[in-house]
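What follows is subunit A paired twice: with subunit B in the first complex and subunit C in the second.
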Partner chain A sequence: MRGRPRGILLTLFLLWLVVYPLLMVVLDSVRGPSGWSLAQVAEFGRTPEEWQALWGSLWISMVSVVFAGAIGIPLAFVFERMEFPGRRILGALVALPAVLPPLVGVMAFLFLYGESGFLSRIVKGAFSLEDAPWRLAGAPAILLVHAYSMYVYFYLFTRAGLAKVDSSMIEAAQSLGASRSSTLFRVTLPLLGPQIIAAALLTFMTSLGSFSAPYIFGGGFRVMTTQIVSTKLNGNDAMAMVETVALAVVALVGLALFRWTSSERSVAAVGKGAPPARKLEQPVARWLAAVVGWAVAVVVLLPHATLILISFVPMRTWTTQLMPPVYTLGNYGALIREPERLRPLINSLWMAVVATVAALAVALWAGRAIVRRRVRLARVIDILTNVPWAVPGTVLAIALATTFSVNAPWAGRWVLVGTFFILPLAYLIRNIPLTAGPVIAGFRQLDPGLDEAAASLGASRWATLRRVTMPLLRPALLACGALAFATAVGDFVTSIVLYTFETRPISVEILSALRQNDIGIAAAFGVVLMLVSAGAMAVGTSR
Partner chain B sequence: MPKTLSRVLLGATLFALACGGSKGPTPLVVYSPHGRDQLTLMEKTFEAANPDIDVRWLDMGSQDALDRVRSERANPQGDVWFGGPSTLFIRAAADSLLVSFVPTFAAATPERARGAGGFFHAVYETPTVIMYNSDAVKAADAPKDWDEVLAPRWKRKVLIREPFGSGTMRTIFGLLIQRGMKSPTDTGPGFQWLRRLDAQTKEYVLNPALLDQKMVRQEGVISLWDLPDILQEQKKGSPLGYVFPSSGTAVIEDCIAIIRGAKHLAAAKRWVEWVGSQQGQLLTARDMMRLPSRTDIPDDSLPDWVKMVRAEMKVAPMDWSLLADRGADWMTYWDRNVRGKGR
Partner chain C sequence: MTFLQVVNLTKRFDEQFAVRDVTLGVTRGTVLALLGPSGSGKTTTLRLLAGFERPDTGQVLVDGVDVTAETPVSRRFGMVFQHYALFPHLNVGENVGFGLSGRSPEARRARVAEVLALVDLAGFEARAVSELSGGQQQRVAVARALAPEPRVLLLDEPLSNLDPSLRERTRRELRAALDKAGVTTVFVTHEQDEAFALADRVAVLRDGRLEQEGTARELYDMPATLFVATFVGRASILRGTLIAADRARLAEGVEWPVRPSSNVRQGGPVNVVVRPEAVRFAPAGLPGVVTECRYTGARAFFQVEVAGGTVELEAPIDGARVGDPVFLTVSSAHAFPVEP
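Coming up: the complex of A and B.
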């Protein structure tokens, strides 16, 4: 239009941010002590344990998708389509695993279902068993945690989809004589396709990059994320790079497959709107639904309750008793009183705020470029904002540590390792897909005439953005900003690789407290993190 | 909304600047596996005598510390690496990650405590021992030597700290491999032994705290671990006991070093000198159960347990440079061919 670089600047920026570090890792994986070498790659290919780890990551992720879907989709139907006492509040409670950050959730599971956790002790006591009834270790433990923390994706996405399914289609099917089940399988579920695929993608990627659960419960079970860390710990950096590349390749192939499946399924339906929730007429059915709903909510909230309970237990007072014998507020006091414990709290908050604001800015920039200015590189920009989905946290952390440990400004590399910029930068990159998706979608729904009206009234571009576009996008900005903030504030995977004394976040402090056997302190940190996430989510969903 | 946003942005930026730009005492960043209790005590005591230095420690496993020093090579963030077996420090020195600095207390320590080239120095001697839960196992029944840990009665009752991140476990495994060696490449018998240990092992535990916790809760009753940690736990009332293996044990030279490129070199030197001073060594011996490496401390000022341990423990011969050299390969081999294969 005006001969300006059409989206080139943004494209270059995104390339530098999300692709360049990955490229550095790829280069490092084929660099030996003396020049280029494929020796490490060959060694990877030869070693069955490496393939075992890769396969472990892959099948755990696929099974996690199945489990999470099997829990989340039916729950969504129950809460969206049936009317029973307590439906609204229960419907909100069921989404609460989302406020447990990964490491905190894993910790809660350990105290609840672990070998000497509450539940196993109750069962052990009830049946007077000699040994603990089960062990929380290996693949089943990882899958349990994944299913619990990720069914929420299916639940929320399916509910959102169901709210938009047009009731006229369902009525049409029924008037043509379709049974209820064939309407479900041939009309409703296909209409939900995009939502279910989006949830599946999110679950798959999150499982593939999942670190906390295999790190704490894995034992001898190999997945790639923990394999990378232990290889690096053993001093074999080159091999760690090859492993990193292998995991990234699997993730990128996964992303491509999902995008390919979802591109053909987009059904726009505008009509009568969603059917109202069906009121269960028979009192027995209503109460049954309510009881089942409450039972589900209790199971869902047990980890939260465990965490809160343990946060009141002073150090070393709970050994082999069923319930902790002493409760005090001491752990919370320590968080506030001891400056070196308070510091991580403040660190996490400011880094998450900076990363979220920056991610929203990038999202607005991308949205304007793609939707308003319709730059030629729109498709490339869209894909680039999605790439971080496919980059597991461990991979991103190692990529950033590699790229930004060299000072070569001409190549876009600065020494950022060990400075306080690197963690907010990492959070920013992980947040870009979270913010860009909804903001770009939001831009698509805006009337371009509003911009033109503002411009014709003499508003500058900045003023238009501030006073017209952003207020209109407010719900989207708030929602995805809250999600991004909660993700950053609870991050563990990238933090553990990149933190410094100045920037050590809550999750690293939790790990350190666990290392010291300060379970009460760790739980208190976990509760704080949980409340912060819950607060952010509440702000994000407020209208 | 836009106003709130820009205010938040401004606030966050100002806060970030304030965090980075504070002036005051010289900060001294210490990477250490010695744990909150010991580090807090040492920090407070040292700062009281040196108000111009602000000690900031980061708690991590010793192997994690090496990894961190290595990955921060381009922009070192730490000044001192405090804690870990000499094998790790030998590797770090070989990778030019450390500064050569011979502290004055070096003369008061035995030859084995002094690192080659003055790059690192042992301040504590950490004996490795067999640990047991003293509620579940009577002292008379506890294994007396390494081989007794393989007895059928302990099947699935042994807990082992995940060895990858742990200098202590790597040392114990190193000793167990070296014991069976007739030549420097003869690792067969050692790995065979470890395979039998793997068959006894119920679980590889992520970190020392979880190990202690699981031992206390009797999820397992036997483990291989280091003495100071057990003594510390005993002091806090945990039902844990220990045995010095009768055939001899590995005594870890627990070292300290200054990181190359340390931003606060002078402060780092003062910290190292203080840790090895009589005062520093006595502080940690009395309160933290650390066995001093220097031998010139008068007997009557040493706590009783130090004298007892020195009399009781039998040191096994070890080739430390062989372990430093081959340790990583042995661990890779163990991970691929031993872990989980004994059952």
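Coming up: the complex of A and C.
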């Protein structure tokens, strides 16, 4: 079979990229200064703080799923099934937390709900308090940010599912005498099962790997991701390896549990299509739905608005006033004029572009191998492209830091840490699941006859890819490319472990601006990131 | 002279023979049909010709040169796909011009206009593929395959995607376009009508083997096997004994004349294949009972139960009624002995 060597090359490449670094971490976790040793593992088991962190990660993730679901699912029903003024535009606005990179979202929450944020100042002013009425810290703060940024998964997945639920099933239930609520619980929700489980899994994995919120708000509250980074920064590399393995194991167990519960429920609902949105006839109900919709939109947009407002505030001009007294464009000017500020902007952009293009190339390679050439290793390649998704960003970062700090070309290891290559490589690995999934699915929908037609007309493999395959996959390539780019450009979790001063990205610069209390500059960076992400998404979803 | 040659072509998929030892030749500028039921290996043969599949053994030669090892890209064969495989992101002109990338823009435009005129679609360059009817899409696919002046044109079930009402017209147009282009052509079909109307010669395939190759007339009048006899045209089969080179004895001692054949041993068992138009009602002959009568206009198809089988015949409507006892005779030109 001619396809065989090609499949092997791609498989080896993916193994090196996504599995090998993880293997190195596992090995290092059981290796002491003098050979194999379980000393670190034993120490991990003895230390209560480690167990606290692990438990913290776990329960925060589970509660995040509950909160995000409790917000996202009802919202999806409101916007998919009810017709009221402003439904369309509000339905789109509600998905906006998705364009906020995690660190930027956390920063916006800090400015809005933090000790010296707007809400705190209003309450303080209203009740003439001496001190801030609350502190935004610990588990509640983390959960607040998670619920805000992750309900979008439930919202989008449930809406997509609702749009596919066949209206004749609902009519069938009603003709059998089921009331509206019993139709909801006995027909609609069970049909949505796969979507809701998928959203829950995504939320769980994202919370487990969440770093920005616990890092900024955690304080004394321990979760595994921040624990790993602080152990690593304290120079205890061996313990960091054990912690990394522990977090990876929890992630894989979680993934396996979700797969196991969802394996038996794949329901195909094809038929007449979804019922039309119900027009609310009663004026009261109409207004109520509209008010709820608008209220949600305002809450969702407040962080974005806060960020934009603060980005116009020069340093040290806003002290005790309720609203900032001075607004200028100075912060944005500084981003462009000062080479030290411009540098992270350029870094983030080029690294994200390189990582996205590379991830798209890997996805096309995998799609061709799996769908067109039907190589024997297709199943393995498919799984390998999904592995990075199951691995929290901190785990990946530590794995890369370990693997590529040694020069052993014969073992596929080079010293990349501290060079220009390590961050684009990390972004690439995180992007592969985002691009491979849609591109492989796109390949499956292409008529294989088109490739043969091109070949019979004398087009080479590359010419066919350029002139036929890529134009036809354009919507998928644009959409997943935009998502990958937005993810890479806003990355914080891997960057904080792997950056150097020369390659520092925007997120790291935001953090240092925050530390210097230069909130205007931090917000301006945040707005730029937000606009770049939103712009990429707009391009990605345009037809 | 033979332009395209296939020598001992064999292809297996998972130990299953798809094409088995097929040898064929096509004269320059003529049209060959590969005719057979589904699973007969005709599409695999076409894909082996195109280079999309590699034969396990055997060769494909063009003008005496072995091209078996060449890729589809370098083979310069044009192909028309069953579902046309038109590029949905390109318009008609861009589709037709796809294979002309080496030429200057003017030469390209001119060639596109030329082949579109050939298939009667002059001026359709700017149309979107999705705006076209099925028949028009089929002609665009033909024009696209012809544009780079292929050495051989291959068509996979070219008419199977069209409405029956459109097929006859499209068939005529396709034949006219092939004649004008003068290209050596091989096409695949499972419909005998299509093979006979479009092709100069027809190769009948069954289970991956070549059963017979010849003109439509040769296949109809002198089928080499029972399969060809029944697959090409309607036929009834009667068992009997070959008592002389040109006589067979059927059930109840009735003797029928048959066309002389060297394929069957004299004195041995034989299958006599008769065409419906060769059988007549007669005052004496093979006795039987009419079991069915289907009107087709001025004439009707009758089914007659005889000892050892059923005979189909075409006769004037008033020839007999269902239930009538009848006698049948045959003209030797359309009764042929085939080995059982």
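Just so we're on the same page, the second predicted complex is superposed on the first by the 535 of 543 C-alpha atoms of A that agree within 3 Å, B and C clash if a C-alpha of one lies under 4 Å from a C-alpha of the other, contacts with A are read in each partner's own complex, and residues count from 1 in each chain.
Just so we're on the same page, contacts are C-beta pairs under 8 Å (C-beta built on N, C-alpha and C of every residue); 3 or more make two chains touch, one makes a residue touch a chain.
All values derive from a computational prediction rather than experimental measurement.
Participant: With subunit A superposed, do subunit B and subunit C clash or fit?
Facilitator: Here the two partners, once superposed via subunit A, fit next to each other without clashing.
Participant: State whether A:129 touches subunit B only (first), subunit C only (second), both chains, or neither.
Facilitator: Neither partner.
Participant: Scan A:415 for contacts with subunit B and subunit C and give back first, second, both or neither.
Facilitator: first
Participant: Which holds for A:383: it touches subunit B only (first), subunit C only (second), both, or neither?
Facilitator: neither
Participant: Where does A:471 make contact in the superposed view: on subunit B (first), on subunit C (second), on both, or on neither?
Facilitator: It touches subunit B and subunit C both.
Participant: Quick check on the superposed pair: does A:116 touch subunit B, subunit C, both, or neither? Answer first, second, both or neither.
Facilitator: In the superposed model, A:116 contacts subunit B only, not subunit C.
Participant: Could you tell me if A:452 is touching subunit B, subunit C, both of them or neither one (first, second, both, neither)?
Facilitator: It touches subunit C, and subunit B stays clear.
Participant: May I ask you to decide whether A:295 touches subunit B, subunit C, both, or neither, giving the answer as first, second, both or neither?
Facilitator: Neither: A:295 stays clear of subunit B and subunit C.
Participant: Give, as a whole number of angstrom, the minimum Cα separation of subunit B and subunit C in the superposed three-chain arrangement.
Facilitator: 11
Participant: For subunit A, which residues belong to both interfaces, subunit B and subunit C?
Facilitator: The answer is residues 467, 471, 474 of subunit A.
Participant: Can you name the residues of subunit A that touch subunit B in the complex?
Facilitator: 47, 49, 115-116, 132, 135, 137, 215-216, 219-220, 230, 232-237, 316, 319-320, 350, 353-354, 357, 360, 401, 405-407, 415, 417-420, 466-467, 470-471, 474, 477, 500-502, 504, 512, 514-519
Participant: Would you mind writing out the residues of subunit A in touch with subunit C in their complex?
Facilitator: 447, 449-450, 452-460, 463, 467-468, 471-472, 474
Participant: Taking the touch rule as given, give the residues of subunit B at its contact with subunit A in the complex, in rising order.
Facilitator: 1-2, 5, 8-9, 12-13, 15-16, 19-20, 29, 35-37, 56, 58-61, 63-64, 66-67, 70-77, 91, 164-165, 203-204, 206-210, 212-214, 216-219, 236-238, 328, 331-332, 335-336, 339-340
Participant: Mind listing the subunit C positions that touch subunit A in their complex?
Facilitator: Interface residues on the subunit C side: 50-52, 71-73, 76-79, 81-83, 85-89, 98-99, 101, 144-145, 148, 154.
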